[in-house]
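To keep things simple, chains are lettered A, B, C, D, E, F and G as they appear, and every chain counts its residues starting from 1.
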Amino acid sequence: MDPIKASLLKKSRAAKSETRGKLLSLFCISLIVFIVLAIFYFVASKGLATFFHDKVNLGRFLTQSSWNPSLKDSHGRPEVGALPMILGSFGVTFLAALLATPFAIGAGIFMTEISPKRGEKILQPVMELLVGIPSVVYGFIGLSVIVPAVRTVFGGSGFGILAGTCVLFVMILPTVTSMTVDALKSVPRYYREASLALGATRWQTTWKVVLRAATPGILTGVVFGMARAFGEALAVQMVIGNAALLPHNLITPASTLTSVLTMGIGNTVMGSLANNALWSLALLLLLMSLMFNLLVRLIGRKGAISR
Amino acid sequence: GCQSKQNGQSVTAVGSSALQPLIEALAEEYSAQHSGQFINVQGGGSGTGLSQIQEGAVQMGNSDLFAEEKAGIKADQLVDHKVAVVGITPVVNKQLGVKNLTLTQLAQIFSGEITNWKQVGGPNQAVVIINRAQGSGTRTTFEQWVMKKRKTKPAQEQDSTGMVRSIVANTPGAISYLAFSYVDKTVATLKLDGIAPTDANVVKNAWPIWSYEHVYTKGQPTGLTKKFLAYVLSDEVQNKQVGKMGYIPVSQMQVERSVTGTITKVK
Amino acid sequence: MDAKKWDKIATGVLTAIAGFIVLLLASLLGYILVRGLPHVTWGFLTKPSQTFTKGGGIGIQLFNSFYLLLLSMIISVPLSIGAGIYLAEYAPKNWVTNVIRTAIEVLSSLPSVVVGLFGFLVFVIQFKFGFSILAGALVLTVFNLPLLTRNVEDALKSIHFTQREAGLALGLSRYETVKHVIIPEALPNIITGMILGAGRVFGEAAALIYTAGQSAPVLDFTNWNPANISSPLNPMRPAETLAVHIWKINSEGIMPDASAVSAGASAVLIIAVLLFNWLARVIGKHVYRKMTAS
Amino acid sequence: MVNKIIESSDVHLFYGKNEALKDINIDFNENEITALIGPSGCGKSTYLRCLNRMNDLIDSAKVTGKFLLNGQDIYAPEMDTVKLRKEVGMVFQQPNPFPFSIYDNVVYGLRLAGVKDHRILDEAVESSLKQAAVWDDVKDKLHESALSLSGGQQQRVCIARVLAVKPKVILMDEPTSALDPISSAKIENMLLELRQQYTIIMVTHNMHQASRISDKTAFFLQGELIEYAPTKKIFLNPSEKQTEDYISGRFG
Amino acid sequence: MRRLFEDELNDLHVRFSEMGMMVNEAIYKSVKAFINHDKQLAHEVIDDDYKINERETDLERKSFELIALQQPVSTDLRIIVTIMKASSDLERMGDHAVSIAKSTIRVKGNTRVPDIEKDIADMAEKVKTMVEEVLDAYVKEDRKRALTIAKEDVAINAYSDNIYDDCIQEMQRDSETVVGSMDYMLVASYLERIGDYVTNICEWIIYLRTGKVVELNSNAKEDDF
Amino acid sequence: MRRLFEDELNDLHVRFSEMGMMVNEAIYKSVKAFINHDKQLAHEVIDDDYKINERETDLERKSFELIALQQPVSTDLRIIVTIMKASSDLERMGDHAVSIAKSTIRVKGNTRVPDIEKDIADMAEKVKTMVEEVLDAYVKEDRKRALTIAKEDVAINAYSDNIYDDCIQEMQRDSETVVGSMDYMLVASYLERIGDYVTNICEWIIYLRTGKVVELNSNAKEDDF
Amino acid sequence: MVNKIIESSDVHLFYGKNEALKDINIDFNENEITALIGPSGCGKSTYLRCLNRMNDLIDSAKVTGKFLLNGQDIYAPEMDTVKLRKEVGMVFQQPNPFPFSIYDNVVYGLRLAGVKDHRILDEAVESSLKQAAVWDDVKDKLHESALSLSGGQQQRVCIARVLAVKPKVILMDEPTSALDPISSAKIENMLLELRQQYTIIMVTHNMHQASRISDKTAFFLQGELIEYAPTKKIFLNPSEKQTEDYISGRFG
């Protein structure tokens, strides 16, 4: 009995490696957290400088519609109204999500309910490829195909929210679709069987049970898609026209937070108001990203199917 | 960075997209002639060039503007090297057919007072303004000499010259402006008050929309930077490559423009 | 009978949607490849690019892309695995962990421009790396870490808890269980995620414009001394990647064959991404088979 | 009088090339509980799922043989599977309430059938839940999620959901194997009550369960029907050695 | 809960109690017939015995079924086991009643001994009471009463010994009474046996209550001689 | 498979067979003692009876345990039930052996009737054989033999009737023999009862084989008079 | 001689504020099988997992009370849980072989302990698999994936994996509840053999299983230990009404 006692009490090799492993992984996560914090700090410090250092009024920043950081208006206040960009960003994001959702759900249902085999063989890789296509390429195609197409169909320059929406639609479709598929797949098989066994057709089953059970998952996918659309820069910038104007229709040039940010950052001097104002836009983006994430969490928590 | 001799040397120039092609070409040529010595050239815009040279992040900051003109730049720390002059011309879509505008008309177009080409004798076609990004050297120069104190109408913006050119080329009724070095067959240039956008007119200041191309260094250049700038400013380069690339050697200018815009004839 | 008719109609509509999406991709790919492939030649793939004259290639950009990818994966893979392990295995269930997770999520959906600008401020300027591969790799790491971490965490979490219990109950430490049981089991998923992440990095442009730079000085492919400025391995040299190149040609390109180069480069980029996807599948499957039927 | 409600004869079923059912012949009497027992993989579930054509969903499954429900060919081309499945309800191993309220779960089948009248629905909910012996547990929270119930209650709600569409026959595939003994006992008792109105065919791994509540027991082995007889006979004096070995746990 | 099993168990219980009544009645009738020389009543007892036998078989069958199909444990199992075992005892008691009835038929026409008959009647009364009591104790699962009843068996044995001695004396005194006394003797031994079975049932009642298999009548044998 | 249960079942079976031997031996010894007026042997039988009783209790307890803990069905259950029921029969047979032994002790010193004693010895031999045979049939689960053995009970009953008549005659003839004849009479009835129990065991053997509860000795009663 | 191998006294366990174990006192003898029974959620698993400190993994779980393994305090701060868990092995409800070969599964613990000698490993594999009564099933495919086995075989391989590290005590949480009756019977028999060398503590939902193989049975109800006694007593004559009601399925 005593050797057991003794051996039980000696610290094992395993216990030591445990400590080491835990420290190692803790180090990694700490580093990531540090990076995240650093980014937050940089963006926030620069973005907030607009308000604290340059004394721009936050309310005006969010509600004014003229963006001319280098100029001053009649009252000597810098013209930093981000409203057009905010509206533009939301516009393209919501429209793209609105367009992508039915397609994503349709494709998702096709892949999980109608023809899982073909879904797996064809649609799945298609989605993965769509995700893989770099955004420069999307921008390039948007510029050379969608903008002229919009121009021919609707007139105008072709640049605008519509073109941006089209590009973003394709870009977020795979994200939304793959999350929709995940959500549909995670609806337990027995829901379907139960419904069919109660005398429902496949469509009734899908519509009344499967989709309903998958709704939180699908919504999460849509929000994720929106987050991606909101943060997308290059492709949108290439097709939206980048006019800091309040958008009043879909086919005149507009701008998004990201497009103004990418465009302007190189032409401003660090520390200047113009530069800080751009960082404020970045901060706004960051906050939006945070909001989307919280939204996803909320949906996830509310809609969690136990088991 | 300053690498040791046998591992080569490199310096970086950043900034103005208007100047970028010239410096890039010269850098390539210089490297070809001096093995192990590299000049990296980045675009990014005049703002970037000025702010980075000020930060000391790079060895050369390219700009279309005088450092003094840019808010937030402490010009006294920087040394200006005017390496060329470039003219800027309004360009329109080729299908438009308008060949000539007065300077006022041009200003009215960009300020939004003229919205249809028929107001200036062109076809019944809405004007589509394409601007460069705010703060870009080209735009600042254009606005300084065309718009005077007029306010530019918010309109479509692009942050790169190439993009502006292709949009003008593809969009009916489009008008924008380009550095001479970017002008090609896809777009049509406009005469202003009957004066054509040519180097000859720039040299005489008959064509008023032009700017110096500056390379700024922080303090006096040293080492490779110094050698490279010497190379750029050498007569051989100034007389051959600069012209060929669509720029005008500073030495050929018959006028000189100061930071404040005052023109003096060169003796 | 009404229900049945609806069933038929719905099936039709859904099939049409699926078809449309496939067509969409086909036409996208078709467009890129048809426009681009004719320009893709061996010379195009190997020659350096030209700024003013015709006939430039994308050799250096291609190399840069891979090198940058390699560097950033070398940094981010171990980090993300470590962090993923922490989150999946050790993280206590409390608000701190929640905040960390949210922060990482936020970072992963942050626009890459912002990450690029951050990299520019920190690595290029603050750390005085200048426009360099190193700065690019670091910023790509920042850009990719959240997604990879999440991928690792998900992969680890998808291993049933019974496996963990089995390991622990056998008298393995938690770390040994993870190292010897959970990671091998999750490896196929981790690898798939890594390769897909690599694909994403490969196509990233916005974050690199301000960090790795937009110039591709000619490299001396006979010099493999990483300290030499013309060496392909030098991490301190600026390096334009393929994606950045495409972006640049489209915005500033003044070479006469700009559109052809852009189309060709796009095609090459797409093919590379296709390759990554295909690799992800094949390797994932292979590893899985090897793992389970050893 | 004993009425045959389902007759099946010469049933063979192939999954691809693998013959999962070999010449099965069983007739089921009305208002009886029949238990299908046998070791894992012997084809119990497969056979059960033939009876409401759930196997139609599996592409590789090929069924031959005759199945009659009240004399009507189940596999006739003109048979409407949707209607068939209303006649022949099914309850599964995992309690699988839909993620709706208890009420919505129970009226699901009726709503599908187009019933909209609230009075009828309310009545159906109450009577089905009562039959399923879960009314007292849930009557105060009909509009809460069915997922908030315990496993045993969920399973009874699932049974109520099937009862609501008034099937003739109820198929059950190991309805209590995911539940603890007490919940199982409740369901067993409920089944004994239901027998008065329904015909119940039940797969179970639990021989004691079969012995406790079934009238007839069918013993399957490797796709064959070894013995089909009154439960008493099976458990007191089976004709086949294999049956005896299986029920006394003396196999393999 | 478990209604069906509970019902069946209850049913079994009721049918067992019924069997007890039947046996009790048989004993009562047979003794009455013996005392009253009522040949017809005796025949009735013999004729009805098949019912008791059937009931026993029936109870046995049902018990096996319940055990096999319901896997009872603890009290439930004890109830069934008790019924299964005690029903044999009851059946044997019934058999003894039949034997008494047969003696009645046989004894007829022989010389009789009123004293002994009186003793037998008393003894029979005593046994009958015991049987009734034990059935009651069974129904009430009354362990204490079962113990008391078992003790009463001593009295029955004493009766039996008494009657044995009287019979011997009588037979020796008057050989005419041999056949009759022999029957008295036998009837007394049957009654004594019935008493033993009552004791057995008492044992089962104790088992039912405590789960302990006890031996109450072992001493009953010792003081037999 | 199921080794433990199988072991226990086998153990039960062995111990039951042992009990059978013990009972058989008790019967043999008691009859031998009776015939040889061997009071000591008779005492031995009486003294050893507690072993049989204990064994019965033990078998019962074990059977209950197996039923409660192992939930046997079908054949296994039948084996246990058979043992549970048949062990009571064996125990009763043991009791009757004790009764015979007691008669032996009692009969000593009285006048004897060699003819009847001869008959009793024959009858005892027959019963002993039956007991041996039934035990053998049980071990071999031989249903046919069980039936044959049950039929032999008729012969035993005939012996019993014979001895009864002889005793009556003898007692009437000579009142000296009353006590002795009475004992002969009782011993015969004990032997007859043992025969009945053998028949019972035969029924259990049939049950064991077929699962059917049958009644083999019902007729045995009818031809009793 | 009966040796107490594990003693536990005054055990309380809280999940947050919810008291899942209330003053449990059980001692376990060497070489006995003890069954823990009780309705779902009564705390069986929770108690079992106290014995090898698997509950340490649950942040919200707070244990108090005394646990001794061979007289040594299990919850002593200097106790090395890794070693403890080698002494007190555990088998789970779901067969959970690692996705390696059968051989690698069995030698897993040994390899980690640094054993490299092939002879020793081979021997350990053979003897453990034999003890676990699965040697004959797998001896020809030791290097195939353990996942290719049937559920019952997998579970026995998992048991072999535990046996290979030679624990003193084996904890089992419903080891057969995911298996069919035949596989369960095999495992039950194996356990009866293992009892000669190990002490086995087993949670089971199946009362018949408890009655068949355990020496002692502990009945839990809502976190309390209602009765702990020899299995015979529990099933023939329990002291507590609640025990009786539970084992005869007469609850709730």
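Keep this in mind: a contact is a pair of C-beta atoms (placed from the backbone, for glycine too) under 8 Å apart; a residue touches a chain by one contact, two chains touch by 3 or more.
As the structure is a computational prediction, the values presented were derived from the model and not from experiment.
Note on connectivity: the fewest steps through touching chains from subunit F to subunit G is 1. The interface carrying the most C-beta pairs in contact is the one between chains A-C. Each chain gets a centre from the mean of its Cα atoms; the one farthest from the centre of subunit G is B.
A straight line joining the Cα centres of subunit A and subunit G is 48 Å long.
Note: centroid distance subunit B to subunit C, computed from Cα atoms, is 36 Å.
Centre to centre, using the average C-alpha position, subunit C and subunit D are separated by 51 Å. For subunit B, residues touching at least two other chains, in rising order: 43-44, 55, 158-159, 163, 166.
The multi-chain contact residues of subunit E, meaning those touching 2 or more other chains, are 1-2, 64, 68, 71, 73-74, 77-78.
Of all residues in subunit G, those that touch two or more other chains are 82-84, 112, 185-186, 207-208, 211, 235-236, 249, 251-252.
Chain contact summary for the complex, subunit C toward subunit B: residues 51-52, 124-125, 128, 130-131, 210, 213-215, 217-218, 225, 227-230, 236-238, 248-254, 258.
If you check the complex, the residues on subunit F that touch subunit E are 46, 49-50, 53, 57, 60-61, 64, 67-68, 71, 73-74, 77-78, 81, 84-85, 88, 95, 98-99, 102, 105-106, 167-168, 171-173, 175-176, 178-179, 182, 185-186, 189, 213, 215, 218, 221, 224-225. Interface residues of subunit D facing subunit A in the complex, by the touch rule stated above, are 52, 54, 57, 82-83, 85-86, 89-90, 92, 94, 96, 98-100, 108-109, 112-113, 147, 158, 161-162, 165. Against subunit A, in their complex, subunit B makes its touches with residues 43-48, 50-51, 54-55, 70-73, 128, 133-136, 151, 154-159, 163, 166-167, 170-171, 174.
Across the interface of their complex, subunit C is touched by residues 12, 14-15, 17-18, 20-22, 24-29, 31-33, 35-40, 42-43, 102-103, 106-107, 109-111, 114-115, 118-119, 122-123, 125-137, 139-141, 143, 145, 170, 173, 177, 200-204, 206-207, 224, 227-228, 230-234, 238, 258, 261-262, 265, 279, 282, 285-286, 289-290, 292-294, 296-297 of subunit A.
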